[in-house]
Structure formats: structure tokens, C-alpha cells
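The letters A, B, C, D, E and F name the chains in turn, as written, and every chain counts its residues from 1.
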Amino acid sequence: MKSVVISLGGSIISGDRLDIGFMKRFSNMMEQSRAFGKVGIVVGGGRLARNYISDLRETGTNDIILDEIGINATRMNALAMTTFFKNCNLKIPTTINDAAELSSNYRFTIMGGTEAGHTTDTVAALLAERLGAKVLINATSVDGVYTDDPRTDKNAKKIGNMTYDEAIALSLKKSIGAGPNVFMDLTSLHIAKRSGIRIFVIDGRKLEDYASIVEHDTCTGTVIL
Amino acid sequence: MKSVVISLGGSIISGDRLDIGFMKRFSNMMEQSRAFGKVGIVVGGGRLARNYISDLRETGTNDIILDEIGINATRMNALAMTTFFKNCNLKIPTTINDAAELSSNYRFTIMGGTEAGHTTDTVAALLAERLGAKVLINATSVDGVYTDDPRTDKNAKKIGNMTYDEAIALSLKKSIGAGPNVFMDLTSLHIAKRSGIRIFVIDGRKLEDYASIVEHDTCTGTVIL
Amino acid sequence: MKSVVISLGGSIISGDRLDIGFMKRFSNMMEQSRAFGKVGIVVGGGRLARNYISDLRETGTNDIILDEIGINATRMNALAMTTFFKNCNLKIPTTINDAAELSSNYRFTIMGGTEAGHTTDTVAALLAERLGAKVLINATSVDGVYTDDPRTDKNAKKIGNMTYDEAIALSLKKSIGAGPNVFMDLTSLHIAKRSGIRIFVIDGRKLEDYASIVEHDTCTGTVIL
Amino acid sequence: MKSVVISLGGSIISGDRLDIGFMKRFSNMMEQSRAFGKVGIVVGGGRLARNYISDLRETGTNDIILDEIGINATRMNALAMTTFFKNCNLKIPTTINDAAELSSNYRFTIMGGTEAGHTTDTVAALLAERLGAKVLINATSVDGVYTDDPRTDKNAKKIGNMTYDEAIALSLKKSIGAGPNVFMDLTSLHIAKRSGIRIFVIDGRKLEDYASIVEHDTCTGTVIL
Amino acid sequence: MKSVVISLGGSIISGDRLDIGFMKRFSNMMEQSRAFGKVGIVVGGGRLARNYISDLRETGTNDIILDEIGINATRMNALAMTTFFKNCNLKIPTTINDAAELSSNYRFTIMGGTEAGHTTDTVAALLAERLGAKVLINATSVDGVYTDDPRTDKNAKKIGNMTYDEAIALSLKKSIGAGPNVFMDLTSLHIAKRSGIRIFVIDGRKLEDYASIVEHDTCTGTVIL
Amino acid sequence: MKSVVISLGGSIISGDRLDIGFMKRFSNMMEQSRAFGKVGIVVGGGRLARNYISDLRETGTNDIILDEIGINATRMNALAMTTFFKNCNLKIPTTINDAAELSSNYRFTIMGGTEAGHTTDTVAALLAERLGAKVLINATSVDGVYTDDPRTDKNAKKIGNMTYDEAIALSLKKSIGAGPNVFMDLTSLHIAKRSGIRIFVIDGRKLEDYASIVEHDTCTGTVIL
């Protein structure tokens, strides 16, 4: 049994409405599997946050306020997620330290964002570091890291393995060019690098990948190490 | 200049998306009017909260968790609202006491919900009590209190004035029968009654009503006193 | 073993002085009984709070400040109560969420009030909701709900069973007329109703009633369901 | 105008009931005098706390819990006191730092105890230190420091002036012998000594002494310097 | 008068011991200049933090704990700095939001780090964003950004102006190769970029540069824009 | 197995640099011994704090700010210490209550100071009181309490046993004369006295003394009881 932290992209659990079916399947799979030790789950904001933020950004709203609004949305999603788990925290922690303390009491510790300037991917990397977990699963709506955006570029290829430095270079290239379409932000990659946390970028809806990562160290997505 | 607290229904500022036009008009009106002294604005959750809550309620989610999810939504709305004011708090207070302390520094104090079990109407009544404000404007999407639901009953009549006890009896009658369609919850009415806070229930989009209430003690909606 | 939340009226544990004898008998009974699972105990303010509040009310003090003063008194009583239990929290939680997290570590979670505008009965109802407890024992100084005030009306009759709506109607009727002599406030009744929490109103000094409620679903007082 | 901190003994404001008459006279005097700059007022627990604590001490309750119960009582008294001031904080700070920040916004900052192990005299000394106030008025129910207990020893003489070290020696002698009848605890005297804060021990009900201390550096009680 | 945030490198104020002479000169200059509006000062950890962290890193200590230890050191430095200012906060805020609220009360708001994973440069960028400041002064022990490390490479040249993207590319290149010798971390550069905050990297001991930046938009170091 | 609280002097773990070798030996000894039940460890500030404080004191800095700076240093040391224990808290508690709650989850609870005006010896005494521990080990750099300062007075003799009142008298005598060279401050001695907590003053580097105290009630230093 290994400790693992999952960065669960908000787009996996909420489109126009919450995807309650997925939340049930995901929590059932997690609770019934014996592969996992202590699990941290950091839930993103998803479309809910994005709509708010894009509407306000047009009016010139301060980015740090947009970050904070987004953090509230992640906490709504995290609260919703707790209702599908039996052995998890009841209160959503707002710092890594509080999350770490809660993980002494529960098998699953569920949270959202912590502070403006940190993505939920970065929160997940910090939580992994704090818990001593060496596996970080980045569960997104794309099935891995691609050389280019697979939705617009037919020649984009999925990358099987990459080093932290390659991932950082790719994340940087995308963030300078394209804006928010980064597979993972630089801070989270740096934290994973400094602590040797292996990152698995997967399509979060493929439930069989989660246990496969913990048990066999493989996934159908991309491994960064 | 009178102190006033406004309970701004979430449905006034957000339908499928934020109604940024209204938020600008509302904040302009408030900032430019000289009628108002210290102003507390308690923003509701609106459709954003309602969708989340109705989806989760169907799965049997604990009501107190639904309340908490709703409170997060009110804070998102409150944060969004702060971006349209110049002289207001930067941090959304999470207790009435913190809101009261902030009101020493700002003309406008903007917040959302505080704790499960309290509606934003109740938060507004408590804030009015704490600030010593004797006017509470309940800005909703209906233009006053009706004898029955005006959307379904053609004979429903708008009530011009009513006593606290009449309002309590009507709120109770509706809450037993119909569910969430209460114009104002019982706790907020009790608080207003115990402290003699006059309530004005108005269509929140009629901007001319706000100053009229403070200056002339009248509105196009319903007065509870 | 069932989870249960007890709203322990302050008048049960303190008259002019603390009733330490009762506190010992109560805690012994609770700790030795095997009927109870997780137990939440919400302690009221009692005479201590009432004297302060009535003296200050005459000088025109803001009701919300009186509420806060009362909350401090409930926390004094809750702290005192913790000293008679072995397996209970050391720190008095100030929110329902903190109480819920503490209940992971202890068999007994003891607290007072949380926020102005909430009675300790409401706190107890919210705590029951948060813990998933379906039994709320309202331990008062009267042995049930009466049709009228039994101290002044000889024809007042104790009610054996009543529905939530009947209880709400009765609470409302009393709160409009008489002031503080309500057996249970409307908000707590609404919360119990929305979550199907059965309420047992008993004379809190009759120690045999507590286990009887949990084991046999009966008491010598009034059941609201 | 000088900054000053007042340690207002609980026995001055509450006997069996709150002495509301005194609270009004005291606050009127303070608000109308032009002698005072920023004022910190630390309110003690008085008889309310003492009764609770003595009843519980007999049952063997942990002293630190008794301290905490006492701190709650001081906050009730502090809250009550705020209602008689116009330009003071609304929320009772629970740390010296929070009190210091509040004093930027208000002329009067009112608080009770902070943490177990600290008397309100010590809190007052720390607050004086934090605010840079060089005057600490210890307003008690005795009119100064005596060589012995004036209630039991007819030969006890009031001391006009004494050094910090003499005060420390006297406080120590009394605390070893007699228990709680110390005029001021050692920690508060040490803090006053290290920062050169002049202490005036007065009968708190003699309202003319307060301004006299600030304006003329004299009082009818005892000066420690 | 412009708002400005200064990221004051710990190495500027503390070598083996605190450089109290510099702290006095710096605070005098800031308080006497009329060039500055609201000023945020984020103080780094300096050698104090570095020694602790390097000793512990060798024993394999978790990086996030090292971050936290470093944050404590920044708060010690920030506290020390407050003692040289007259119109500044007394309590060191631990979040950007609390800092922003404090800045309503004071001309100077002084703080250290906030949360593991954020450098004090990033805290400074976030604070600038929150306060709406468009100028961020990065006061370091090197007099600007160089093409290479000037201490080891004689051909290293100081860069006068660079774009955000050039700065990001240079920071990335250095962070992959060299470790901690980065002039500014990526997250802070990204935040400055997204909000159009101009960065001035200067030798923090050259006191004439601070006002020159605010008044004339120039400095002897490097401008990133 | 007995509960015990250790006040671990900062000078034991840090001179110019952290003494990592000692920290490892100390934690190994503690974790492997079966003598101890629940253990609280309160870590002091050591030379790190002292240098900062002495430099700032010369500039006239407020003592309470120096206390706060010292408290930050104790927390750095406490964080460092946690990294050498397996079954201990992850977050450093900042109040006695929080520490007490953490001790429900862990065998070892590690913390630093709590609030200005309290030494870490006093924090240790309060923690012992809160946890019901009857043994307080004061681990210092001197091997017991001496009649005079053994570094300067050759005739100074180590005291084997002393009463609380003797210890208080000696502490007082030293604190009036010499300044900071007190073996234990008065407040901590008073707390130990009021709760009957036996104090063992030892040279903290003599690892065999710790278990000997718990198992055989003896040590090579001084016992206060």
C-alpha cells in the first residue's frame, strides 16, 4: 500500500452540472481498492470557476481576486466529493498543514485550493511532499501530455515518459504562448522535482489507471520522473 | 445619512452567468448616492448555489453540507461584488464580528454567509443588529411580499405594510407548505423584530428604491415593521 | 449503539451555583452505558447567562451582544462539563465543523454555542445533522412539551407525540406571545424536520430516560417526529 | 494626552450582579476626559468567575481549565463593558497583537484574558508594553497596596510608593502564604519592571483618581516605580 | 505618490547578525521620502534561514518543512523591521488578504512569507497585485540581473531592461542548472506578467534607487517589463 | 508508562548551528524507550533567538516584540525537531489547547512558545497541567540548580532536592540580581506548585537521565517538589 496524492481536475467532476455518476464510481473504486494507503485528493474548480473568472476578467478584475474566487469553487467541489466517501475528513482544510494533520485521522483527505497564486496542482504537489507520498496522479480531461494541443493539432503525439526538466520546458513553452492550456504549472513541477515525486498524468475518468499506477507503476498516460 | 444593511439575493446578480451590468449599475448608484451612511451588503448564492445543491440533494447529501456549499457560493459572489466598489473591504469576513470591525475602516462592508443553518437574510439581520442599523433592505427578484405566489396564483396581491408577527405567520405558512419559496426566513424576521429593524422587501433591480427607502422611508415593495 | 446529540439546558447544570452532583451523575451514566455510540453534548447557558443578559437588556444593550455574552457562558459550562468525562475533547469547538472533526477522536464531543442568532438547541440540531445522528435529546427543566405553561396554567397537558409541523406551530405561538419561554426555537425544529431527526424533550434530570430513548425509542417526555 | 492601560478588576464591575451604574459612570468619565490618549482596558472576571472556579476546584478540576473558564468570564465582562463606550472595538481580541491592531482604529480597546497562566494584570502589563504606554492603572477593590491585609490586620499600613523589587518581594511573600489575595502577580510586575511602566494601584471606584494619574502623576493609592 | 511593494532580500538585513545600521537608514529614507504612497515590504529570511535549512537538508528533511522553517525566519526579520517604522502594522500578517486589510490602516505594511511553496518574491508579487501596485522593487544583494553569475563569470553582463518572457526564460535556465541562485522565481515573474507589474531588481543597499524608481521610473539595476 | 513533559532548552539543540547529532540521539532514545507514555516536548529558542534579541534590545526595541521574535525561533527549532520523530505532530501548535488536542493523535507532541510573556518553561508547565502529567523535565545546559552560578562562583553547590517555595525564592533572588540567568522562571514554578507537578532539572545532554526520571523518580540533577 502506497501513499498517493491525486490532483483531480475540476473538469472531471463538473461540466454544466456536477457529474455525480462519476463521483460515485470514483469514490467506490478508491474505497474498495486495497492498493492505496493514505490518499490525498485535491479537487479543482472546473467549469464553475472558469465561467465566473472569465466573466470577471473581461471587466478588468484583479487576478488575485479571480484566484480567490476559484479557490472557493474548489472548496465547493471538495465538499461535494466528501459526501461520497466514508472514511474522510468532514471539514475542508485550508492549509497543507491542516490537511496533513487530518490525514492522521482518515484514510482519505480531501481538499481544494489553499492560497491565491497556487494552482490545485501545486497544492497537490505540496501535499504529497508533506505526507511523504512519492506518487502524484494528475487526473485531467486529457489522457496524458502531448507534444502539442491534440484538439487543434492532428500531429500532436502523446508522450510516454519525460523528465522533470523536459516537463518544465514544455510547460513553460505552452504558458508563454497559449495561456491557461498548460498540462501542469511550473511550481508544481518544481516541487515534484525537488522531492522526487513521480507524476502520472492521466485521463481521470479511466478508473483502472489509478490502481495500476500504485500497484504496477504504469498508466495509459504520461509519466514524469 | 443612515446606516443600512442590504440582503442582496443571489438571483439578482447571477443567472446562468454573473450579471455584470447590474453589478456595475448597483455599485455606481450606491457609491454616488449621498443618502447612505455605513452600508453592509450581504450577497446570496443565486443559481450557482442552487444547481449544486439540487443535484447533490437528490443523492441524499446531508443538508448541512449543502448549506456549506451554498456559503462558498455566496462568498464567490461577495468577492465578485467587491471588485465594483472602491471603498470596501478586501477580505470577505466570515463572522458578523469580523464584518463589524471591518465596517470601521470602510463605507461598504460586503460579505456572504457565515455558518450553516443561517440564511443570508439572517446574516443581514444580524449584521444590522451589530451595526445598529435600523433599516434592512431585502433585495429579491420579486417586487414585494404577496399573499400567495404571484407566479402561480393570479389572485395573489402585493402587501404594502405588515407587522413582524404577520410576516412571521406568513413565512411559517409558506415554509410548511411549499419549501424554499419563502420571502424571508423566520430567524431573520425574529431578529428584526427583537431589535426593531424595519424591513423593506423590494425588487432589487429597481435601483431608485434604495435611496428612496433611506431618504423617504418608502418603497414600491413591502414594508415590515 | 446509536449516535445521539443532547441539548443540555443550562438550567439543568447551574442554578445559583453549578450543580456538580448532577454533572457527576450524568457523566457516570453516559460513560457506563453501552447504549450510546458517538455522543454530542451541547451545553446551554443557564442562570449565569440569564442574569447577565437581563441586567444588560434593561440598559438597552444590543441583542447580538447579549447573544455573544450568552455564548461565552455556554462555553464556561461546556468546559466545566468536560472535566467530568474521560473520553472527550479538551478544547471547546466554536464551529460545527470543528466539533465534527473532534468527534473522530472522542466518544463524547462537548461544546456550547457557536454564533449569535443560534440557540444551543439549534447548534445541537446542526451537530446532529453533521454527525448523521437521527436522535436529538432536548434535556430541559420541564418534563416535556405542554399545551400551555404548566407553571401558570393548571389545565396544561403534556403532549406525548407531535409532528414537526405541530411543534413549529406551537413554538411560533409561544414565541409571539410569551417571549423566552419557548420549549424549542423554530430554527432547530426546521433543521430536525429537514433531516428527519427525531426529537425527545425530557426532564434532563431523569437519568433513566437517556438510555431508554436510544434503546427503546421511548421517553417519559414528548417525542417530535 | 498619555496612553494608559487599565487593569479593571472584575470585583469593581460585578458583585452578585453587574454593577451597571458603575460601568456607566466609569465610561462617561473616560469618554469625557481629555486627559487620556489611547486607552487599553483589560477587564477581570470578578465574582462570576470566582464562584465557578471555587465550586470546580473542590472537585479536583485541573487548574488550567479553571483558568480558561475564568478567561471566558473576563470576556463576558469585557463585552458588557464595550456597550457603554462609543469609540471602542466591537470584537473582543484574544491576543495582545490583535488588541494592538484594534487600537489603531479606536480610542478605547477593551479586552479580557488571553491565555491560561496569565492573569488579567499580566495581560494589562503586556498590552501596555505593546502599545508603548508607560502608565498602568491597577483598579482594584482595595485602595492601594498594604503592608498586610487591611481587612484582617488593623496595623496594616498603605504604602505610598514602592520600587518594582519591593513590590515583587511583597507579592511573593503574600503568594506563598495566603493564596489568591495578591495585589498583583509576579509576572505582571516583572513585565512592568523590564519596560519601566509605572503602576498605580487604586480603588477603581474613585473616579477622580484616573485623570489625576495621567495629568499629575499622583493618586490616592500606591505607586510602583 | 505611487503604491509600491518591496521584496527585501534577507541577505540585505542580516549576515551573521542583524544589520541594524542598514535597517535604520532604510526606514528613515522610506519614512522621510514623499515619493511613496502605500508601501508593502516583504522581508526575506537571509542567512539565518539558510544555515538552518542547509543543515537540515543534509539529513534528508522534507523540503516543505524547510520552507516552513524559512517562513518563521522571515517573520522574525519582518518583526525586527517593524520596530524601525512608526506608521506600520504591529502584527505580522500571514496571508495576503490580511496584509491587504492592514494596509488600510498604515502607510507601511510589513510581512514575511505566507505558505510553503511560495518564495518571498512571490508573496511580494501577490501583494502588489492585491494592492493594485504597479511597481515591485526586488532589493537583493546583487545590483541587477546578469547574463551569468557575476561572482564566477567575469564576462557576465548586467541587463538593463528585459521583457517578462526573457526574464522567465533566464530564471528557468538558471533554476534547472544551478539551484538556488535564481534572481527571481518563476511564479513571481508569472504573476508580475499577468498583472503588468513592473519589476526593478536593484542592490537593496543603494538607498537612492528606491525613490528614483518611483519618481523617475529608473534605477541602476534591471527593469523587467 | 508515565506522561511527561520536557522543556528542552534551545541551547541543548543549537549553538552556532543546529546540533543535529544530539537531535538524532535524543529522538532515538525517546522513541525506543518504553518508559514514556504520552510525551510533550517544548523546545526553546537557543542562541539563534538570543543573538537577534540582544542586537535588537540595544536599539531600544520593545520587550514584547523581542518575546515574539523569540517565539518564532522556538517554532523553527520545534519544526526541526519534528523531523527526527516518527509518531509526532506535523503542525506546530500555537496554544496549549491545540497541543492537548494533538496529543490525542500522537505519542509525541512537539511545540515551541505560545504567547509573549510566557517562557517555554511556563509553556511546558501549562502543557503538563493540561495533559495531567505529573513530571516536568527541565533539560538545560547546566546539570541542576546551584546555590550560585557555578560558572563564576567556585563555592556554588548543586542542590539535590528543594521545595517549590525554596525554588521560587531562589529564582526570585536570581532574577532581581542577575537578569536572564534564572534556572526557571517564577510563573512556571507557581504552576508546577499549584498542580503538584514534580520538576527535574537536568543536563539535557545526559540521555540516561530521562528514562531514569520516569522509571525511578531520580536524576543526577535537581528535583523540585
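Everything that follows uses one rule, which is that a contact is a pair of C-beta atoms (placed from the backbone, for glycine too) under 8 Å apart; a residue touches a chain by one contact, two chains touch by 3 or more.
Small disclaimer: the values here were computed from a predicted structure and weren't measured.
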Touching both chain A and chain D: give me those chains, sorted by label.
B, C, E, F
What's the fewest number of moves from chain B to chain F, given that each move must go to a chain touching the current one?
2
Centroid spacing, where centroids are CA-atom means, of chain A and chain C in whole angstrom
43
Chain C to chain E, mean C-alpha position gap in Å, rounds to 54
Where chain E touches two or more other chains at once, by residue number:
62, 68, 97, 105, 130
Dump the list of chain pairs that touch, please.
A-B, A-C, A-E, A-F, B-C, B-D, B-E, C-D, C-F, D-E, D-F, E-F
For chain C, which residues count as touching chain B in their complex?
62-65, 68, 95-97, 114-118, 122, 125-126, 129-130, 132, 165, 168-169, 172, 175-176, 186-187, 190-191, 194-195
Can you list the chain F residues touching chain E in their complex?
17-18, 20, 24, 48, 51-52, 55-56, 58-59, 61-62, 65, 68-69, 72-73, 75-76, 79-80, 82-83
Chain A residues touching chain C - in the complex, by the definition given at the top
89-91, 102, 105-106
Sites on chain D touched by chain E in the complex
97-98, 100-101, 104-105, 130
